[in-house]
Amino acid sequence: MNKPGISRYPVPRLEELPDDVRARMLEVQEKAGFIPNVFVALARRPDEFRAFFAYHDALMLRESGLTKAEREMIVVAVAGANDCLYCFVAHGAILRIYAKNPLVADQVGVNYRKADITPRQRAMLAFALKVAERSGEIDESDYKALREHGFDDEDIWDIGNISAFFCLSNRMANLIGLRPNDEFYLLGRVPKQK
Amino acid sequence: MNKPGISRYPVPRLEELPDDVRARMLEVQEKAGFIPNVFVALARRPDEFRAFFAYHDALMLRESGLTKAEREMIVVAVAGANDCLYCFVAHGAILRIYAKNPLVADQVGVNYRKADITPRQRAMLAFALKVAERSGEIDESDYKALREHGFDDEDIWDIGNISAFFCLSNRMANLIGLRPNDEFYLLGRVPKQK
Amino acid sequence: MNKPGISRYPVPRLEELPDDVRARMLEVQEKAGFIPNVFVALARRPDEFRAFFAYHDALMLRESGLTKAEREMIVVAVAGANDCLYCFVAHGAILRIYAKNPLVADQVGVNYRKADITPRQRAMLAFALKVAERSGEIDESDYKALREHGFDDEDIWDIGNISAFFCLSNRMANLIGLRPNDEFYLLGRVPKQK
Amino acid sequence: MNKPGISRYPVPRLEELPDDVRARMLEVQEKAGFIPNVFVALARRPDEFRAFFAYHDALMLRESGLTKAEREMIVVAVAGANDCLYCFVAHGAILRIYAKNPLVADQVGVNYRKADITPRQRAMLAFALKVAERSGEIDESDYKALREHGFDDEDIWDIGNISAFFCLSNRMANLIGLRPNDEFYLLGRVPKQK
Amino acid sequence: MNKPGISRYPVPRLEELPDDVRARMLEVQEKAGFIPNVFVALARRPDEFRAFFAYHDALMLRESGLTKAEREMIVVAVAGANDCLYCFVAHGAILRIYAKNPLVADQVGVNYRKADITPRQRAMLAFALKVAERSGEIDESDYKALREHGFDDEDIWDIGNISAFFCLSNRMANLIGLRPNDEFYLLGRVPKQK
Amino acid sequence: MNKPGISRYPVPRLEELPDDVRARMLEVQEKAGFIPNVFVALARRPDEFRAFFAYHDALMLRESGLTKAEREMIVVAVAGANDCLYCFVAHGAILRIYAKNPLVADQVGVNYRKADITPRQRAMLAFALKVAERSGEIDESDYKALREHGFDDEDIWDIGNISAFFCLSNRMANLIGLRPNDEFYLLGRVPKQK
């Protein structure tokens, strides 16, 4: 068996990190119960870490015409297109939780055309994948198709920028061989017990 | 929400089916606790049903230099390459169970290069995907590479034929919009409790 | 010159084979005047042989809205797409005979858009190639396009399943380096003389 | 049935043509027994006609380290890669005649890796297809590989230029829907009778 | 630094060349102030040189519904698609001069969809790239789309044949590693000073 | 003529912007003599603007084993691969200036294999393009190849992250139809006069 570590690159210990980076990691640990490996692996370069998560938050936490679950659908579909195991598994978990749906992440990640989603969401994912795979071919007709599903131009920017950001993220994860935390695989698949 | 049925095509009722077809379905229900939708969807054409499962069994149940888990790895990796939700999810479950490993199916389905598998298994999957995606380019060097990992010519036939058979299966599932049973998504992810 | 044998794998002698397998081979020899190499090469694994030809017969011999020539057109077009010499040549011969047309096999195998076929047949082949090459993208619009040419849902299943089955067959032929019998190249090209 | 004419474009009558163009066509008719449609279809623009056939002759008739059959192998393999029915069929005939081999054209056109040719010829065709499909990636290693098979730099120029010229020719044939003469399909398949 | 010469192949001296070839080169030198490397590199095979430039002139100098700048747009867009540095740079210069526009060559070469051109020109380039990249898929609908932009059938032949000819030219340039003259990079970028 | 504006989206006026965003734009204007359109177009969403340029600076301004010119080579090569006009033109200018070489940007953007660069730089660009186009296939052999050219693991992270960041940037530019400032096309092409 050839079980890789978190990353091809050495990972820093928490106590070596700048305060703000460590604080961010402890905050997510507090909330999730563990530190997702993307934090651990990127922390070795604090400036890139800060920019990466600032970009992430600017897109994923802002007020938007897209629900949080819809934004995660984009992430998972793009991860599938980019063969990125980390984002497929980690954001699959987040999507299942936001959508309160244990099936949708695998559906969207493998083939969004077969997913239990609305036609509007299918149009959103078709566009997100065009941004990921053939962005040079985007033209006015793409905007028109999305507007017909009720998306406005800010929504379209959101869809496109989330896709573009995770094209960066997927490539970094593939570059460094980023390993998803084992916890992610099961999260959101079993209804919480009281 | 646009929740599709089992298949684009009408599915027969059990009592309408020829005895051998129905028996096969009841047998798998007995064993799995439910009837996988591939049986339900293909039963409407009994001759094709019989040939399909005879082919499946000939490959997946025979004595082989490949373990059953390894054969399912091929199925899941090929399903990923063919964007086939049904086989990704259903055979992902079977793979988790055979391998007693809750992580390996997602790993192999999204990107086998990042999976917790042996170099020999990685070579096996590289070849299976070449059969799936560029079979016209197979030549002696592919055979040589596999032999260096200890596969003999019967093993290579097995790898190639499993990949080829699921290229058929994936296309049929995509053609008819075959929906994985909800049960498959969770199977093999949680250790059995005593 | 590097003239390969029938297959990379050893081929069994007729007398070694199970009775039903040998009977099938003698039957086709009786009819065609020679045993097509696909029978010879696959016979070494009788269970797979039986399932393969049972599947073939279920699709190619059944009552269908597609003529036998149309079914062979699908086979030849898919063989071209999969760079499969065996099926291009062997089924090209069968197509020429069924269609009583010495030109159509090369036309359909190289570029069906330039073939002397009907618009309905062109739509059929466009769909067959989508099943072969991009089955994950099949959606309702494909069904709609075929229905506009008068195909019903059983016909569409036939087109798709024939394409899918020969995607299996082409991959096996490429895997084992299956060589077309020399006889196939000329069959159906010259009008029978009285 | 939708039997197309020789070309999407009107074809001139022989008597309308400039003398040299008509002479060239009568010469080939004298030799072949019919006028290949590429002459008929291109004659409507005499300057392009003259340049096209001057280029053709400069490559295909010159003294070369490649035999005439080998040059036609390149043409047929490139036609297959470009889905060009005209060159596949017409040059397939010429290849069969030059090689005195009724099988080699279909083999080389569908998948040269399975053809009854020498390793040197296989290397030649691999390079010709790289020129046709990924010429931007050609580098010193390609030259080195060909030299190891005994090709010198003039031979390599020949291989590359023939491939490049037929990339032009295939595109023109596809552009205008050029139809192969029916005669080509059978030529070279049946040994001449005395 | 690894500064390649004009070509992988030796280039002849002017005085070694046949008179007509040398005359052609001196004529272009007279006009441009330097001899473009394509002349220098191809002159070593005079018959191919003559046919190449005869073909070029037949297309690029003839009366046509396309302006000379439009024809050069096709050349530059096709060079971009074929990763051909020589034609991108050399014909980029010619395009800037003909169009009296210092920006259009880079725009058209990198992504014609973003270029400052008319919708008619965009349709022209879309078709030229289809000829370059997927000519086997050309059908009546492509002709129809161009006619809607006011192109007649002779214009369509021009677009297609220019694209096809530069598919040949790009492959030859890539084959021999043809280096653009340094002069081309700047030509047409700075308004002429009086 | 269809001359697009800076972006599909409205661009803010400087005085509407948060102080830090405006300050950044004035600073670059001070230095370059104009405000590159990427600043103007992204400023409408200040949080994304800040993260984008923080990421950019973290990669492009840090101490690194790659020179600034080498980093810009990566940007331009990736822009070519992604059909991104803005980065091809704008970073082409920056590359010419950093490298003090008026030719290298077009060379690297169209086909780095033909560029006047070192073998080490060619290996760097080959890897950058693999990150851009097939990051899921990165494995240990890629690291090994770069180490043989003297790159250490921090350099490899830099190459990969720059490629990944500009995959984001190119997609955003394509999404919004970002127009390069006219000034960029000529910058660095003419030696500064005293």
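The letters A, B, C, D, E and F name the chains in turn, as written, and every chain counts its residues from 1.
Rule of thumb we're sticking to: contacts are C-beta pairs under 8 Å (C-beta built on N, C-alpha and C of every residue); 3 or more make two chains touch, one makes a residue touch a chain.
What you see is a predicted model; the values in this text were computed from it and never measured.
The fewest steps needed to get from chain C to chain F, moving only between touching chains, is 2. Each step here moves to a touching chain, and the least such steps from chain B to chain E number 2.
Between the interfaces D-E and D-F, more contacting C-beta pairs are found at D-E.
After Cα superposition, the angle needed to carry chain A onto chain C is 120 degrees, rounded to a multiple of 5. Relative to chain B, the most remote chain by averaged C-alpha coordinates is E.
Distance from the chain C centre to the chain D centre is 28 Å, each centre being the mean of its Cα atoms.
Separating the CA-averaged centres of chain C and chain E is a span of 44 Å.
Listed for chain D are residues 83-84, 111, 136-137, 174, each touching two or more other chains. Working note: touching chain pairs come out as A-B, A-C, A-E, A-F, B-C, B-D, B-F, C-D, C-E, D-E, D-F, E-F. On the side of chain F, the complex with chain B involves touching residues 136-137, 139. On the chain B side of its complex with chain C, the touching residues are 8-9, 45, 47-48, 50-52, 54-55, 57-59, 62, 82-84, 131-132, 135-138, 143, 153, 156-157, 160-161, 163-165, 167-172, 174-177. Within the complex formed with chain D, the chain F residues making contact are 111, 113.
Residue ranges of chain C in contact with chain D, taken from their complex: 1-4, 79-80, 83-85, 88-89, 102-103, 106-107, 109-111, 114, 116-119, 174, 177, 179, 182, 185-186, 189-190.
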